[in-house]
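Look for subunit A in each of the two complexes below; its partner is subunit B in the first and subunit C in the second.
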Partner chain A sequence: MNALLTSAVAGLTAAGAYALLGVCAVFTFRLVAVVNFTGAAIGTAGTFSMIGFISLGVPLWPAVVLGILVGTLAGALIGLVMTQWFSEATATTKAAVTAALLVGIVALGLRLTGGQSPKEFPTLFPGSAFRLAGVEVTVASVLTVVLALVFTLLADAFLNRTRTGLHLRALSERPMAAELLGVRVRILALLVWAVTGAFTTFALMIIAPQRSPDFMSLSLLVVPALAAALVGAFRSFPLALAGGLTIGIVEGMSSAIDGISQYRGILPFFVILAVLLWSQRGARWDEAR
Partner chain B sequence: MKSISMLLGGVALACLAGLSATTAAEAAGPTCKDGVIRLGAVSTITGPADFSEVPEAAAAVFDAVNAKGGLNGCKIEYTISDDKADPAVAAQAARDLIDNKEVVALVGSGSLLDCAVNATTYKRKGVLSVQGLGVDAACFNAPSVAPVNVGPYTLSTAMAYYATNQLKAEKVCGFFIIIGGTQEAYKGAIETWEKISGKKIHLLDMTLPFQGDLTPYVIKARDAGCDAVIQNAVEPGVVQWVKTADAQKITGINWLFLAPGYTQEVAKALADSTQPVYVGTEWEPFTETGSAANKDWIATMTAAGKPLTAFSQGGYLAATVMLDVLSGINGEVTRESVTEALQKMQPKSYELAGTPYVFGEGDRHAPMQATKVMKLDKGKWTVETPDWVVLPSAN
Partner chain C sequence: MTRTLDVSGLVINRAGLPVVRGVSLSAQKGQISVLLGANGAGKTTLLEGLSGIIPTSGGDIALNGRSVIAARAGERARAGLSHVEQGRTVFRQLSTEENLLVGMAPGADLADAYDLFPELLNRRGVRAGLLSGGEQQMLVIARSLLTRPEVILIDEMSAGLAPVVVQRLMAAVRRLADAGLAILLVEQFAALALRIADHAYVMRRGELVYDGLPQPLLADPDRLHHLYLGDVQAA
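Up next is the complex of A and B:
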């Protein structure tokens, strides 16, 4: 039991990262109606540019700002592709396009960053916050959980309480109608892409030192993140947050159980499958009737 | 007078002896039909990994020989094929080298899957491979392949042996990433160590994820009371593991990694770490540029403008072995004569490696059984064992 608790706490490091990226995925979907596979890859690109700037002699924090700027631009660029050519496409097509873009970005990223050779990521927030069940919970993990929480609250308030939020919701649900009503669709959509780019870049900068420091591993963080978003059915921020935390903690716990631990990598897929089956059960019944 | 005639007679005899030696030397040595000896390599160059430095280094050795007129007048024609880490491409590359390019042997290959895909083809076609960098388990488990490197499995045994023998570890633990069919090979490596040391592995976890958070595993090692941990991650995984151990403020565990962790990038990325980190090398440590054993390799690579990495040592050593074997052939160099020479060769020592290289006629080959251990010290690798750590025979 004690070993389970210890490994559950150990899973917190991953949990915060999944939750944060999961909430970002929900944000993108609710505002621009795209299941975005490139989320983590955009952040990774920004994070790697930060190390690039550092190796050029730029001090840490200015490099962080420049890296976030690159992430913002990368996000806007992907947004431009999506709004320019695929704004009228179905959700499936858009998801497929971002999956294709992910493959492209990873291939390019691996080539540019020297493949598997590890990079030195500066720890922006070093040290550990507290010790629980024999595990040092790092400042970075606490920060990711807190950021995910803050983002959840802010996003909810923004979408439900502000006029721009209303416009953005209109944009994702009825883009044509929104445009006819005089909402500046293109600009707003690009802005959303840019903001999520900036945010995921900052998130990745915090997460990166604790993960395998290569382009592919970091970009593939999108898989558990999308699983978390799916728990919230791509609508609910709090549920996505809870989903991300649960996946991380369950993943941690599973490493303590010998029979399960070798399958721990497939947990996100398992969650995706279970949620899909659960959410589709109504449709299946309706059809049968 | 008598003494003078004896002296003259002696000189004449000596001349005769010298003469006969020269004629023998002219008759001996390798010959070739159309002035070339064809060799090849199947390597992963594009794809998830890049091992191109291995065959490129072998090419540099052959180029140097060709520049001096070739081997006994025979030019060496060396073809490098990219297998793209794709089994179909690897099989095609091997067939092309054997059937179309008519290579007499394979040398200096470094690939993720060449052995697994092609070892049976090589056996069927009667062509042998002096692998420059054996990666997959089949490289150490086939009659047609004998790598010049120690390989991850023997190296795991050697690092565990070093942990018990020199670091005096009592509770040795193993954490392994298992890709493809490597589980049995790693299990075998640990069993071999258990036989040699008479100890039992304290904890063996073969579920380490290739990607994902490592905190639960590092904690598991600590809570199990391990005092030495053998781990088989490649570069990014090594960095992540040690950083996680730092974040968890773990002390008192020696972390032992395999050769993929032995790079300048890893040392640089872990410059701030206080964890005791050790790696086992495949050959004479490549970072020791002043070492006598590295001298000729460095000279050859520098002359050819090739990088000084562990990979290039593998290619260099494989090519050197092949040249020695070819030089020992009396008569025409054909696939049959090279295969026979490799199978009948005597073990030969090379300064770059701790045990002699031999191909031989066995069903499997792992001639290299020694490593030098490096320790991480403030962003630099330092030699921990100036003498080779040689594995005693398990039997």
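Up next is the complex of A and C:
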């Protein structure tokens, strides 16, 4: 029992990161109507930039800030591609484009970081925050969960309480009608991409030391992220948050069980499959109605 | 004298075919210009080209004497060219009031919208998707007004609405013109629109076939019918 709890708690950092990435995916989908496969890759690019700055002699925290800045710019750059050339495309085409961009970013990233050889990652938040039923809860895990919660609450408040949020909600529903009312749709779309770039980068920086820290594996964290977003039907922030946390914790727990621990990476796929089957059922029901 | 909206020789292609073929028209401060024409004549295409939704391939569009042909839709909107699209494009998930706030320009006042359409006041908290067709049409016109435009292009506002609601909308549009706006009103159903108009255009297969006062058309429905359909009888 205690072993299970220990591993559940160990899964918390990943859980927080999945949740944050999932919420970011929902944010992007709701506001610019793109299922974004590049989310984690953008964060990875920012994280590796941080490593680059550190190796150039930049102290840790300035390097973190610079890395986040790179992630923000990378996000805005992807956003520029999407708004410039694919704003009229269907959701399927847009998703395919980001999947292609993911492949491109990973190839470029692997080339620049020297293949898949793991790097030393600084632990931004070392140490344990408190003990839970005799189990150490790390600062990093508390922080990612808190960050995911904060982003969820901020996104919600921002969308519902601010004028820019109102513009974003209008834009997400009818981009052309919003533009015809003078809303600055391009700038807003870029803003969405930039903000998610910043948050995913920070999430990736926190979780990277606990992962096999190569460009490819980190970029593929988009899989649990999209699974989490799917739990929220790409609409609900709280459900995506819950989905991400659950996937991370269950993944952590399964690592304690002999015989299935090797397969825990498959968990997000099961979640995706289950949710898709469930939603298909709904679609059929809609048709039958 | 420069006109509020001045369009000259506008050409617009759709799927490679010319749908608007060299149209010149204008809209004046304080006036309603009505643009009539049969289904498929190219009226909506013309308005979409004017507001920048679709690209144009020739001619010029000037707002207060300055060309906006190179400007994107958003820039044209911010320059004072407003387009109330066909099909009541409310933001369905937003409340009535939120719809009004989206494009509200500095200096505009929500009260102006509710003053024009008091019906909307007690529907302010309702999601726009739940409004009736008439209320949605009022909402998109009021929403346009709050952007503080100089010209409003209105496409088929009466489609599918009860006659009493159409009368109500026509009166409101007249009021907007009397308050100093330039209105270009596209309608398929002519009589009511001609009655509130100061100027009339009739479009057939991408070209203007009438450019003059509304009265002659009102007085002679046969002539209007002929303008709509062209020389089918003669052919």
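Methods note: the second predicted complex is superposed on the first by the 275 of 289 C-alpha atoms of A that agree within 3 Å, B and C clash if a C-alpha of one lies under 4 Å from a C-alpha of the other, contacts with A are read in each partner's own complex, and residues count from 1 in each chain.
In this text, a residue touches a chain if its C-beta (ideal position, glycine included) is under 8 Å from a C-beta of that chain, and two chains touch if they have at least 3 such contacts.
As the structure is a computational prediction, the values presented were derived from the model and not from experiment.
Of the two partners subunit B and subunit C, it is B that touches the larger number of subunit A residues. By the touch criterion defined above, A:136 lies against subunit B but remains apart from subunit C after alignment on the C-alpha atoms of chain A. By the touch criterion defined above, A:180 lies against subunit C but remains apart from subunit B after alignment on the C-alpha atoms of chain A. By the touch criterion defined above, A:166 reaches subunit C but does not reach subunit B. Of the two partner chains placed by the overlay, only subunit B lies in contact with A:128; subunit C stays clear of it.
Residue contacts after overlaying the shared chain place A:245 against neither subunit B nor subunit C. Residue ranges on subunit B touching subunit A, taken from their complex, read 48-50, 178, 205-207, 209-213, 215-217, 219-220, 223, 234-240, 243-244, 247-249, 263, 265-266, 268-269, 271. Partner subunit C is touched in their complex by these residues of subunit A: 163, 166-167, 169-170, 173-174, 176-186. In the complex of the two chains, the subunit C residues touching subunit A come out as 51, 53, 72-74, 77-78, 82-83, 85, 89, 91-94, 98-99, 101-103, 105, 143-144, 147. Subunit A contributes residues 3, 6-7, 10-11, 13-14, 17, 115-120, 128, 134-136, 138, 209-214, 217, 220, 248, 251-253, 255-256, 258, 261-262, 264-265 to its touches with subunit B in the complex.
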